[in-house]
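Read from first to last, the chains carry the letters A, B, C, D, E and F; within each, the first residue is number 1.
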Amino acid sequence: MNDSSKKTALVVSAHSADFVWRAGGAIALHALQGYAMHIVCLSFGERGESAKLWRKGEMTEEKVKAARREEALAAAEILGASVEFFDIGDYPMRADKDTLFRLADVMRRVQPEFVLSHSLKDPYNYDHPLAIHLTQEARIIAQAEGYKPGEKIVAAPPVYSFEPHQPEQCEWCPDVLLDITEVWDRKYAAIQCMAGQEHLWEYYTRVALQRGVQAKRNVGITSSKNIVYAEGYQSIFPRVTENLA
Amino acid sequence: MNDSSKKTALVVSAHSADFVWRAGGAIALHALQGYAMHIVCLSFGERGESAKLWRKGEMTEEKVKAARREEALAAAEILGASVEFFDIGDYPMRADKDTLFRLADVMRRVQPEFVLSHSLKDPYNYDHPLAIHLTQEARIIAQAEGYKPGEKIVAAPPVYSFEPHQPEQCEWCPDVLLDITEVWDRKYAAIQCMAGQEHLWEYYTRVALQRGVQAKRNVGITSSKNIVYAEGYQSIFPRVTENLA
Amino acid sequence: MNDSSKKTALVVSAHSADFVWRAGGAIALHALQGYAMHIVCLSFGERGESAKLWRKGEMTEEKVKAARREEALAAAEILGASVEFFDIGDYPMRADKDTLFRLADVMRRVQPEFVLSHSLKDPYNYDHPLAIHLTQEARIIAQAEGYKPGEKIVAAPPVYSFEPHQPEQCEWCPDVLLDITEVWDRKYAAIQCMAGQEHLWEYYTRVALQRGVQAKRNVGITSSKNIVYAEGYQSIFPRVTENLA
Amino acid sequence: MNDSSKKTALVVSAHSADFVWRAGGAIALHALQGYAMHIVCLSFGERGESAKLWRKGEMTEEKVKAARREEALAAAEILGASVEFFDIGDYPMRADKDTLFRLADVMRRVQPEFVLSHSLKDPYNYDHPLAIHLTQEARIIAQAEGYKPGEKIVAAPPVYSFEPHQPEQCEWCPDVLLDITEVWDRKYAAIQCMAGQEHLWEYYTRVALQRGVQAKRNVGITSSKNIVYAEGYQSIFPRVTENLA
Amino acid sequence: MNDSSKKTALVVSAHSADFVWRAGGAIALHALQGYAMHIVCLSFGERGESAKLWRKGEMTEEKVKAARREEALAAAEILGASVEFFDIGDYPMRADKDTLFRLADVMRRVQPEFVLSHSLKDPYNYDHPLAIHLTQEARIIAQAEGYKPGEKIVAAPPVYSFEPHQPEQCEWCPDVLLDITEVWDRKYAAIQCMAGQEHLWEYYTRVALQRGVQAKRNVGITSSKNIVYAEGYQSIFPRVTENLA
Amino acid sequence: MNDSSKKTALVVSAHSADFVWRAGGAIALHALQGYAMHIVCLSFGERGESAKLWRKGEMTEEKVKAARREEALAAAEILGASVEFFDIGDYPMRADKDTLFRLADVMRRVQPEFVLSHSLKDPYNYDHPLAIHLTQEARIIAQAEGYKPGEKIVAAPPVYSFEPHQPEQCEWCPDVLLDITEVWDRKYAAIQCMAGQEHLWEYYTRVALQRGVQAKRNVGITSSKNIVYAEGYQSIFPRVTENLA
C-alpha cells in the first residue's frame, strides 16, 4: 500500500471477517481497478464471532485468534488487499487514544480515496458502531494540521457504511449500490475462507443477489447493464460532483 | 429537446421561477456538457410568488402570467434550456389525472438521464411537495408497459430534490453538492431575469457561496479543485455505480 | 372577533369537541389576556365521535349534529370564544377548494396572532391530519398577494399542533408547555359540556395534570411558578425572538 | 368467509399479485390455523405489473386483467383464501369515497382479527401507500357508530405493513418476524401461479430465507425452533398483551 | 431466582426506584404468572433522586443509600421479585468493563425470557441511557461463546424499554401495552414504599390509567377485556411469532 | 459574572472560536440587555482549528494556544462577556469526571437563565457533540441535591444548540431565530479577532444574513420588524410559557 503512484482506499473492520461479508466486492473491484486496498482489522472476533471454533473444545483465545488471522489473511489475498491487525479485543471492543492515533496514522500513511466501515447503529453488535465512530474520529484527527504538525494531512475522503447483518434494525439504508458482478467469484472465494462461519456463506450470497436485483431496478430494466451481484453502501457525507446522471 | 443524439434531463418546477433559484446551475452546467435540458413549469406562480407585480396595481392574473412567462423564457434561454408551461394554477396547485399523464408523456418524449424537482416537504409552500409527488408518480407511469402500450418506456432516471427556501424546516438534506463555479455567471444572469423577486437575488447568491464552501470542505481543503459556487441536491433513489471514490 | 383593537387567534378543530379537549386551556387563557379567540369547527364529529348519541336509538345525522352544535356552543361560550361551523362532514372528512378558500377568508378576516390545529399524523383518525394540512394551506393562500388581490393579506402567524389522543403514536412531541393553571376551572367546565363523551373527562384532566408536572419540571423545581395544569403544543415554524431565557 | 364460527383476517393488496409475494405465508399459515382469510385486490396491476403480458403483443387491458385474475384466483386457492377484486385501476390508482365505503363494508362483513396491507411509503410505487392509507381510513370508518348506524362496528384489529420490494428505501422496518416454515411449500406453489413475473420467484424465495435466518437469530441460536422461512411485518399500532416473553 | 424449573426475567434499573415506577406492573404480573423476576439496581439514586432525604439535613451518602436500599427491598418484596444492588454510583453513572461482565454474568445465571430497562435517550437523565446500553452490551457478551467458554450462553431474550418520565422528549414510543389491571394494587403498594418521592405516586398512577385507556382503545371498545391500568413498553428487537392476531 | 443582581447565561464552546461564529450575536445581545454572559472554552482548538497558525512554521502547541487565547479574550471583551478556559485538549477532546464536576460547579456559580452549546451530532467534528453532552450532563448534576449537598442547585435553564458549520449534515434544525440586527456590528468585530480563520468571516456573515431573511419571513413580510441579521438555535427542552403569540 505504499506504492505512491497508486490510488488507495481503506477498510476498517471490527472483526476479522466483517470485511469479507460486507465489503469483499468493493475491495476486489477496486483492486482490479488498480487501487491499493488496505484493511485494518480491529480485532479477530475471537470472542464473539468464533462460536464454531470454541465448540471444538481444547481451545484458547490465542488459538482462536491464530485461526481467525489465517482466514482473514487468506481472504485478503484473494481479494487483492493488504491487511493489518490491531488486536484490540472484542465483546466488548474498547478503543483508547492510542488506538485512535494508530488509526489516524494509518490514514495519513495510506491517504485513502475513500473509507469503508460499519453502520452507525447496530443493536445486535456494539463493536460495529464503535468501529465506525473510531474511524470517523481518526479521519478528523488525520485531517488536523495540529496533529503531528508537518506530516501530510489527509483530504476529505468519503466514508461509507457497509451493510450490517440486519439492515433495517440498524437504521441503515443504502444510497449507493455497487455493481460487483465482475468480481463475485473472487468475493465468494474469499467468503469460503471463513471456515468457522459456514452458515453465513449462503446468507451473504443471497444478500449480493438481492442487492443485484435492486441495482438492476434502479438503473431501469431497459438498461444494458447486466448486474447480477451488488453491495449496498450508505454515505456519511455528501458527494461533490460535476454531473448528476 | 428532440435531438435524439443528445443526452437529456428534465426539470419540473412548481412555479415559473423555481428552476432558476434552485437548479439554474445544474441546468447551465449540463447544457454546457451537451445535455438537452428541458423544463416544465407547472404554473407561473401567478398568485403566490408575484407579490411585486400585484402591488403595481392595475393587474390581472393574465397580465401577471404573461410577465412571469417572459421572465421564465428569458432565464431558460440564458441557461440553455427549453421550457414549456402547464399553466395548472398555483396557491393552491392541484393536479388531476390529465396533468399526470401529460407529465408522463413529457418524460416518455424526453427520456431524461435525470430528473430534478422540489423537496418532499415544505411547510411554507404546499405546491412544492405536490410538484415532486406529481413528478415521481409520472415517472412511475412512464415506466409502465401497460400505459400506452407500444411506446418506448422510460428507464429509471435518478430523481433529485433541489434546495428549498428554508432547508432545515423542509427536512431536506443535501447528499450531493454540484460544483457550478464554471456556470455561475450564467446562473446569475438568469436570476436577474426575475425582476419581480429582486429580494431573492442576493439570497440565492449566498446560498450558492455557502454550498460552495461546503463542497470545498467535502473534497478536502488540500484538493486542487477550486470550487466557489455550488448547488445542493438530495437523491430520492440509491445510485448505482462501479466506483466509490 | 371583529373588534379591530383586539389581538386575535384562530383554532381549527376537525370535530366539534376537539378544541375543548386539546386547546380549551389556551383558548380560555388568551381570552383572559384580551385576545378575541375564534374557533372553526370543520365538522360536528357526527359520525365518528358521537357514539353515545347514536346508541340512544331514534337518531338521525341531523339530530346528532344539532346536539353536538349545542355542546360546542356552550363550551365556546365558557371559554370566551366565538365559533363557526363549516359542516363539511366527518369519517371521512374531505375538503375541496371552496372549503380551502373559505378557511383562507376566515384567516384574512381574523388576522390571527397564532393558529392552533391538529397533529400532522394520527393513525387513529384521518380527519385530524387533514384539518392541519387544510389549515396550513389556507394560511399560505391567505398570505398570497395574488389571492383576492387588494385584500389585506395575513402575516406569518405561528402554527401549533395541539395534543392528539395518543401522542407518541402520532409522532407528536411538545416543544411548548402552556401553563393553564389559572383557567383550569374554565376548561373543566367546558369539558363538562361534552355530555356525549363523558369517558374522556377524566382522561383529559389527567393529561392536563401530567403536562403540568412536566412544565413544573422544565422550569425547575426551585422555580416559584406554581404550575398545576398545562397543555402541550408542537410548533410548526421556528419562532423569532430577541430573548432566549 | 361468512362462517361466523371462524376467526377471520383481511389482506388488502394494491395489485393482484402483491398478496402472494408479500403475505402468502401469513395467509397460508393462518388458514391452516383455522382462520377464514379474505383478500381484497384493489386492481389487477394491469398497467404497472404485467410487463411480460404486454410484451406478448395483441394485448388489451381486458385480456391482461383476465389473465391476472386467473393467476390471483389460483394463488388464493392454494393459500386457502377467498378473494374479491375491486378493479379500481392502477398506475395511477385513485380511490373515491365509494371505494372507501366499499372497503369499510368489507371490514364490517369480515370482522377481521388482523389486517395486512402495504408499507406507508414507497418511492417506487405510489399505488402501495394509497392502498394502506385507504385501508387505514376504511378501518376507522368501519369503527364509527355513525357510519351506517345499527350495523355491527369493527373492533380495533391490528394492522401490519407487509414487506415492500426495497424495504430500506420505503422506510419499512419489520418489528414482527412470522415463522412460515410450515407453509413454505404452499407459498412457493402460489408464487408459481404468477407466470407473468417469473423474475420475482427467486427474489421472494431469498427474501423468505433471509427473514428466516433473522428470525432464527432473534429467538437465539440455542432455541429449538427450526425456522427456515419467515415473513417480516411492521405494526402500525401498539399491541396489547399480558405477557412479554 | 435459581429455581431452574421456573421461567425467569430480568429488570435493569439505573436507580433503585426506577423499577417500581416504570416496570412494577410487569414484575408483579409475571411473578403472578410464575416467573422468577430478578432486578438489578445499578445505583441507589443516592445523589440524583433522593432530594427529599437530603433536605432532611444531617445526611450522608451512606445514610441515603441505606434508606433507598430499604425502600427498594420492600418494594421488590411486594412485587414478588429478588433484587441485587451493584452500587456503581449515580449522577454521573459510569460503567467499566467489570460492571459489564458482572451484568453479563447475572444474565448467564438468570437466563431471562425477557429483559426490561430504560429508554435509549433521555435528555433529563444521562444515567438512564447508560443503563440500557450497558444492558444491551452485557446481553451481547452473555451470548458470546468466547466469553467464559464452556458456560451456558444466553439465547436472544427480547429487550424492552420501559416508560421514561417525559416520553416524547425521550423519543420513546410504546409498541406494547401491558395490561396490569390485575396487579395494580400490588404496584401501587410498591409505589408507596418510595417515601422519598411521594410527589411521583399520583403521577405514575395517572400514567397507568392513561396507558390503560389507550390499551382499551387499541383492543377496541367493543372488546370484553376490562383494562383499567397498563404499562407501555418499546421493543428493541423484532418479535418472532406464529400468529398475528 | 458574580454580580448577583444580574441575570446570567452560560455558553459552552468546544474550541475557543466557536462561541464567536455560532453564538456571538446572542452573547452581545443579552449582554446589552443586562445579562452577565459567561463563556467556558473547553479547549483552544489548538490542534484542529488553527491550521493557519501551524502553517506559519516554528510553532508549538503552547504558542498556538497562547495565540488562540488572545483572540478569544479579545472577542469576548467586544461581545461583553467573561470567559474561562478549561484547556482539556482537542482532536480528540475527552472529558473525565473532574471536567464534568468542574463544569457543574461553573453552572452552580453562574446560575444561568439559559445555556448555549453545540449540536448533538456533527460528523465533521467529534468534539462538538462531546461538548453539548458534557454540558447536558453537568447541568443534570448541578441540579442534583446529592451533589455537594447544601449548595444552591440550579433550576432548569433551557439549553440551546447553536448552529454547526453544515447544519443539515448535523441533523440540526433551528426552532428559534434570534434577531441580532442590533448587535451585528459587535459580532462582526468579534469575528475579526479570529485572525487565524479569516476564511470563515464571510461565511458566517452570510449565515447571519440568511437566518435574517428567514426570520423576516417567519414573522411575515408585512411585519414592521426590520430584521437583517439573525442566529438560529435549536431547543433541547420544551419551553414553558403563558402566551403562544
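As a convention for this text, a residue touches a chain if its C-beta (ideal position, glycine included) is under 8 Å from a C-beta of that chain, and two chains touch if they have at least 3 such contacts.
Every value quoted in this text rests on a predicted model; they were computed, and no experiment measured them.
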item: Third chains touching both chain F and chain D; value: A, B, C, E
item: Touch-network distance, chain A to chain E, counted in steps; value: 1
item: Centroid comparison with chain C (C-alpha atoms), farthest chain; value: A
item: Most remote chain, CA-based centroid, reference being chain F; value: D
item: Copies chain E and chain C - interface residue numbers shared by over half, same or different; value: same
item: Separation of chain B from chain C, taking each centre as the mean of its C-alpha atoms, in whole Å; value: 37
item: Shared-contact residues (touching 2 or more other chains) in chain C; value: 51, 124, 169, 174, 214, 217, 221, 237-238
item: Chain-to-chain touches, reported pairwise for every pair that qualifies; value: A-B, A-D, A-E, A-F, B-C, B-D, B-F, C-D, C-E, C-F, D-E, E-F
item: Touching residues on chain F, where the partner in the complex is chain B; value: 51, 124, 165-169, 171-174, 202-203, 206-207, 209-210, 213-214, 217, 221, 232
item: Of all residues in chain B, those that touch chain D in their complex; value: 97, 100, 133, 136-137, 140-141, 144-147, 149, 236-238
item: Residues of chain A touching chain B in the complex; value: 7, 9, 26, 29-30, 33, 35, 113-114, 116, 143, 153-158, 160, 174-179, 214-215, 217-223, 225, 227, 230, 232-233, 235, 237-245
item: Residue ranges of chain A in contact with chain E within the complex; value: 46-48, 50-51, 54-55, 59, 61, 64, 91-92, 94, 123-126, 169
